[in-house]
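We just call them A, B, C, D, E and F in the order they show up, numbering each chain from 1.
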Amino acid sequence: MRTNEPIIEWPKEGVRRVPFKLYTSPEIYAKETRAVFRGPAWHFLALAVELPNNGDFKNTFVGEIPIIVVRDKTGEINAMVNRCTHKGALVCHDKKGNKPVFTCPYHNWSFDQTGKLVGVAFRNGVKGVGGMPDTFKTEDHGLEPLRIAIYNGLIFGTFSSETPDIETYLGPEARQFIDRVFNRPIKILGQYSQGLRNNWKLMMENTRDTYHAGILHLFFNTFGLNRLSMEGGIVMSNEGRHHVSYSKLLTDDVTGSDYEDNKLPNMRKGLKLSDPSVGTYLPEFEDGITLQIQTIFPTFLIQQIQNCLGIRQLIPRGLDKAELIWTLFGYEDDDEEMTQTRIKQSNLVGPAGFVSLEDGAVLDFVQRSLRESPDDSSVVELGDETDYTTTKHRVTETAVRAYWDHYRDLMGL
Amino acid sequence: MNTRELVEDLQRRYVTQIDDGELEGWPQFFTEDGHYQIISKEALDAGQVIGFYVCTGKGMLADRILTLRKTAIYEPQSYRHMISATMIEDESDGVIIASTNFMVVRTTQDGDMTVFSAGRYRDTIVMDKDELLFKEKLVVTDSNKMDTLLAIPI
Amino acid sequence: MRTNEPIIEWPKEGVRRVPFKLYTSPEIYAKETRAVFRGPAWHFLALAVELPNNGDFKNTFVGEIPIIVVRDKTGEINAMVNRCTHKGALVCHDKKGNKPVFTCPYHNWSFDQTGKLVGVAFRNGVKGVGGMPDTFKTEDHGLEPLRIAIYNGLIFGTFSSETPDIETYLGPEARQFIDRVFNRPIKILGQYSQGLRNNWKLMMENTRDTYHAGILHLFFNTFGLNRLSMEGGIVMSNEGRHHVSYSKLLTDDVTGSDYEDNKLPNMRKGLKLSDPSVGTYLPEFEDGITLQIQTIFPTFLIQQIQNCLGIRQLIPRGLDKAELIWTLFGYEDDDEEMTQTRIKQSNLVGPAGFVSLEDGAVLDFVQRSLRESPDDSSVVELGDETDYTTTKHRVTETAVRAYWDHYRDLMGL
Amino acid sequence: MNTRELVEDLQRRYVTQIDDGELEGWPQFFTEDGHYQIISKEALDAGQVIGFYVCTGKGMLADRILTLRKTAIYEPQSYRHMISATMIEDESDGVIIASTNFMVVRTTQDGDMTVFSAGRYRDTIVMDKDELLFKEKLVVTDSNKMDTLLAIPI
Amino acid sequence: MRTNEPIIEWPKEGVRRVPFKLYTSPEIYAKETRAVFRGPAWHFLALAVELPNNGDFKNTFVGEIPIIVVRDKTGEINAMVNRCTHKGALVCHDKKGNKPVFTCPYHNWSFDQTGKLVGVAFRNGVKGVGGMPDTFKTEDHGLEPLRIAIYNGLIFGTFSSETPDIETYLGPEARQFIDRVFNRPIKILGQYSQGLRNNWKLMMENTRDTYHAGILHLFFNTFGLNRLSMEGGIVMSNEGRHHVSYSKLLTDDVTGSDYEDNKLPNMRKGLKLSDPSVGTYLPEFEDGITLQIQTIFPTFLIQQIQNCLGIRQLIPRGLDKAELIWTLFGYEDDDEEMTQTRIKQSNLVGPAGFVSLEDGAVLDFVQRSLRESPDDSSVVELGDETDYTTTKHRVTETAVRAYWDHYRDLMGL
Amino acid sequence: MNTRELVEDLQRRYVTQIDDGELEGWPQFFTEDGHYQIISKEALDAGQVIGFYVCTGKGMLADRILTLRKTAIYEPQSYRHMISATMIEDESDGVIIASTNFMVVRTTQDGDMTVFSAGRYRDTIVMDKDELLFKEKLVVTDSNKMDTLLAIPI
């Protein structure tokens, strides 16, 4: 039913322009399921620590596709589509749990922990009548599996046989930063979700947008936790698929920047916190990095904001809705002081976060301004990088451009 | 007034303070070391210690309001609380353990209303100079999902 | 604007596969209005007992089309589209009532009980100016009528002139089971509606799905009210358009079935009701049938579950929403004990029903799993019947396959 | 406490029992022959006797919970009740006729909240050994439509 | 992706028929943004009195396009699209206020009161690195402006360079009635909004529909405030783009009309208000006109209902939703008695209005009856006018037909 | 009963009268010159004097109901009020200034429920022959937008 015309015409400026229609077109959204979520990319599914025991499972999503991740009886991690091969019911509707076998509620077809169909109720009928025909082969009706890769306790899945191995996919730079945070056993301290009133890609762009961090999030620059004038930079990995933005406290020098003399229109002066502990870093990383925002293409994020460690998984919920799952953690060997510090600094993030509350607001502002579904494009000009390599500053939108380049590639746009 | 009525009186004043938008007065409902946390029942049941937000002490409570007023950017909005079914679970040595159902309707400046949160306050209340104060106010939400952003305290 | 390509490609296996796109495609949904709801089929509109007096009317729906059913001043039943021929307002917005004439609130055009336009406000203008032109003929502007057929107190309507007479449409087998339940004057005991979060066809399939009844509804098999191992079967009518699934209490023999030795994964053992009266059948039918689930193509159902008698009318409410109207009844000559029995057994059905609550849940689970709008199909293999005739068991999905065959026929798929 | 306050106290405990998910204790709020029914105002006004569900006696009340726990299959969910405007309509011979507005927000495990039901409790209450019990609890809903399924009592 | 076929086929009867698909087709809705809201028409934006001081601004909408209207530092009124040229955020999310400059919250790009881009945060990077490339010209990235016209305190905007000047656009007849109401300085007494569950065009038709006023709004004719039998008429302007319906109290003569002998089906007799002040006109206009309903194509309305003066601005909110902003006002020199009179008569209008409450209801009834998205058309036959000129009566739908003629013209239908 | 309890009692009866659909009795809650107005907080804050509707005196209150019954055309619907957090702001010379949170769920005959309005009653109450009456009832809504139509009083 589709003509061969492209759904949208990308502007001739390339990824220095991003057509607004990407956030408003149902055709684009439908195509993303096939090209991005079923395409050659690794998608975060769960933390290994969420499935400590054999039989532990968790429900999640890749795009809008419901997925079961489970540690099977041999200890292996498997993932499969949570859609019964009989008539499409969610095979498992519990968020988490432990099961030896997944029995669909509708007609009790049973699937083992690898997704294999192991039981068909009344397959042989009753007293010799009814039941499944002989041509029915259970091996043709397993749950659709995903390939699995585990990197440092992070479980990823992919539908595509073309996705390269996880180490190659991540690239050495991304791996180095993952390793930095996932350097020893972690424990989960909190997990919650945030409903978003915007297309999922607006959130992913936002997380790669080093430009906004020190501007929109006034708390950051007002209280000096993160400024574009600090020592920091952007590290790209696997040709820019993934990025890390980092900075270091105690390296701030505002001279020669818009922070000087309060040139930024919205910046506040003279504010002081009654209890500065929310922003007081308890030293734990030797490299001096106090802020790491790392994205793994296409919908995953790892964060260190001082002592606040966490990951974020993005799930599209229709064209103009999304859900962001936040998981905050510490290390198993954290002492009480460190745990309390992480708890207090948790105020920085999430839907109520001192440095993230604004993202929910502003992305809603973008989606609302686009209700007209305009033909225009956004302008992504900051920074003059021509390839996606490391920069020693963050006054650039290069990581955003890199994102769109890889997105275009998958989508054929 | 019996204990339950005293607690109901406290809750009435507490939610009115918030709904009237007089957030600067909100920390006054807590003791100096007052603990305030918004966390879902699901997270609590899973033994998690981090929820949507936490304030330990009057300083952090005041900082929340300071940042809402000065650094946070979000669409103007207001809450309307309904409270119900206050139960006194324990009372001894001047410490009251009480719980109260709440529901919040959020209205944004475009006039849209949503049921923003529902759940139960789980409170530890002490008497301080003839006044009841929250030593701990746990806002236990029924949902582990927040719509868009959580600015104003619940 | 439509190309001539089919909206979907039906798999080569025929109705042993059902494409999931049928539940997610807006084009399919739009076409259903024309092909199914305005097509050659009889749609349940009301019970005659709901309109006892001349002038009594009721508002209902065929598909999403609003319909007025009315008993006119001669005692005849008529039905017409509840959409004013002037500018489209609902002519009548009350759910039920008694009216000699239907006056549209917007400009007071009036229609009689046959839908004829009988009054046009200010037709002749005021003092000789304004008003309708001479070319305006009221006979061209009546409410669109439906053909009506009444069978045993059940009022049906159809838009199509090609729909055969009701007796032919039902077929002898369906009529026999209708006659069995509607054997003497009834009285309505209750009426309510259930909002569904699924495409309407999932519910219709569900009601023809004898496979799930004794599996999903654990109450049925746990307390022995209905098991696939009971004496029972499926009766088809009019080439499988309509079906009846029936069973008989006190005929249960679980040997040689998955019920034996508790092989069904979800089955419960050792449960006992404190008050078994909800499942205690007060004998009233001589044929021994204690469960009759009968569907009349495309959206109507008649039920006897022990002494719980009822009908269900399904109304689509958009692509992924539907509404099921339940009406429970007894006979006019019921004594108090029978009425009390029916009241207690009403706990079996409806959105809170011991043997129906799960349908709302599981169909929501299906629709949710399909948010991706997958290209896959469901697998409808149980039973080896090759034509749609009576079976002496219910371990088959033949009634589901029959449904899809007739649906395909109407839809040209 | 006057009669209204006693009834309010009963309602507070009743809804807390449900909202806390302690459904096994729900039948204890009724007399042995207690009658519980959820039915819409529309159906009642039409003289209908069947509503969404009915329990006659403590056995059937207990069976509802048994089946919810053991045979019913549905998505995990919780209720949050708001109650308001309790009125005593009659009191004689130890029998109280009372009515109370209610509203229920239902939260499913995906975090979605909906206004699930609103209406009025129409109660007949008796005193049994210093305890108020429902002899009849009619849950009269404003809507004659239920969203998806009705599992937990209201 | 569009074929060249028209989205809908207009019936051969012309505007005496209006296809229902206009209210249900997403394609039509999408096209309206381009053809109507960005087309050659003036759209009401604000009252000058809402922006008394330099720097005062207000957020509004043209179609679904968010617009800032602002009085700049020279006192001129400007309007521009409230969508940041950087990445599309609403530049300003406050409803009203006073600002010297509009700073986008996302990355603090700043726009002056004419929409000119005057600040780009970190344009020059930090310490010589990063920042915008030299090719970036702020003059290419201003907020999209609208042309502005102010007529008698009413601020209008248009996107099109082809829209004629406001005087020509309005035409002398419309101007005369605007001048009648806006004859001296006004003050706003109230402002609120009404959510509508219908396509926006149903509301605009409604306001041009003189036929319904004395019929649907029973309060009008029951208490004699407005009857089709009063002296009154319809005045057209600019070839029927705009209309005025007016009538005069104390000129009512029901003889020879359907009001006589109570022929109108819904009309009430013998009712009396306890406090008739809501309908008691305090004379203030010398021409005897006590009711003026004036529409300015395509979405604006001016009203005088006795002493209740107001304007209404219609905003589409998706295919089947709209929002109507009501602003009620008096004159600066009103004395207390007149203000009290206006306050009491405010009960006539708005979502709770004695003569407007029914519009919200009935338009919902229309949209609901159209859920089927029928191929039919409404019938707009009343009155035999062949051109759009003044009539001395209101028993005609000529103003509705005129509306559709101009709509077709813009939409190319 | 203290003043707050007296006012709560008045509010209970007031909302029950409306929710029961007995609108003819609604004017009886007001003094002869009773002033009733529904207006948004936004409009009030802007100094506007016109809101969604106003009645000055029992005659106009009665006329509202008369027109709802006889001339207004709209889909049958009902309200369910929740009230909470009554505060007495002043009491002198038999005049009570009180405020109370409210929330209304509207149910239409198709069974759909919506949170129709939320806000705060701002009341001036006088004692008249042992009975509390509203001298002024300001229904201050959180939203300045009304969905479709406002027929029944809040």
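Keep this in mind: a residue touches a chain if its C-beta (ideal position, glycine included) is under 8 Å from a C-beta of that chain, and two chains touch if they have at least 3 such contacts.
These numbers were taken from a predicted model, which means no experiment stands behind them.
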{"item": "Chains touching both chain C and chain D", "value": "A, F"}
{"item": "Repeated interface matching C-D, over half of the contact pairs identical, chosen among A-D, E-F or B-E", "value": "E-F"}
{"item": "Chain C and chain E: spacing of chain centres that average the CA atoms, whole Å", "value": "44"}
{"item": "Approximate Å spacing (C-alpha centroids) for the pair chain B, chain D", "value": "28"}
{"item": "Separation of mean Cα positions, chain C and chain B [Å, integer]", "value": "48"}
{"item": "Per-residue overlap in chain D, given as positions that touch at least 2 other chains", "value": "73, 75, 82, 84, 103, 109, 111, 115, 144-145"}
{"item": "Residue numbers of chain E (touch at least two other chains)", "value": "93, 105, 193, 195, 216, 266, 358, 361-362, 365"}
{"item": "Topology of the chain contact graph, where touching chains are joined (line, ring, star, complete, other)", "value": "other"}
{"item": "All chain pairs that touch each other", "value": "A-B, A-C, A-D, A-E, B-D, B-E, B-F, C-D, C-E, C-F, D-F, E-F"}
{"item": "Chain C residues touching chain D - in the complex, by the definition given at the top", "value": "188-197, 216-219, 222, 266, 268, 271, 273-275, 277-278, 323, 328, 339, 342-344, 346-347, 350-352, 354, 357-358, 360-362, 364-365"}
{"item": "Chain A partner contacts - residues on chain B that touch it in the complex", "value": "38-40, 43, 46, 48-60, 62-63, 66-67, 70-75, 144-151"}
{"item": "Footprint of chain B on chain D - complex, ascending", "value": "11-13, 15-16, 19, 78, 80-84, 103, 105, 107, 109-115"}
{"item": "Residue numbers on chain D that touch chain F, as the complex places them", "value": "41-42, 82, 84-87, 99, 101, 103, 115, 117-120, 142-145"}
{"item": "Sites on chain E touched by chain B in the complex", "value": "93-95, 105, 193, 195"}
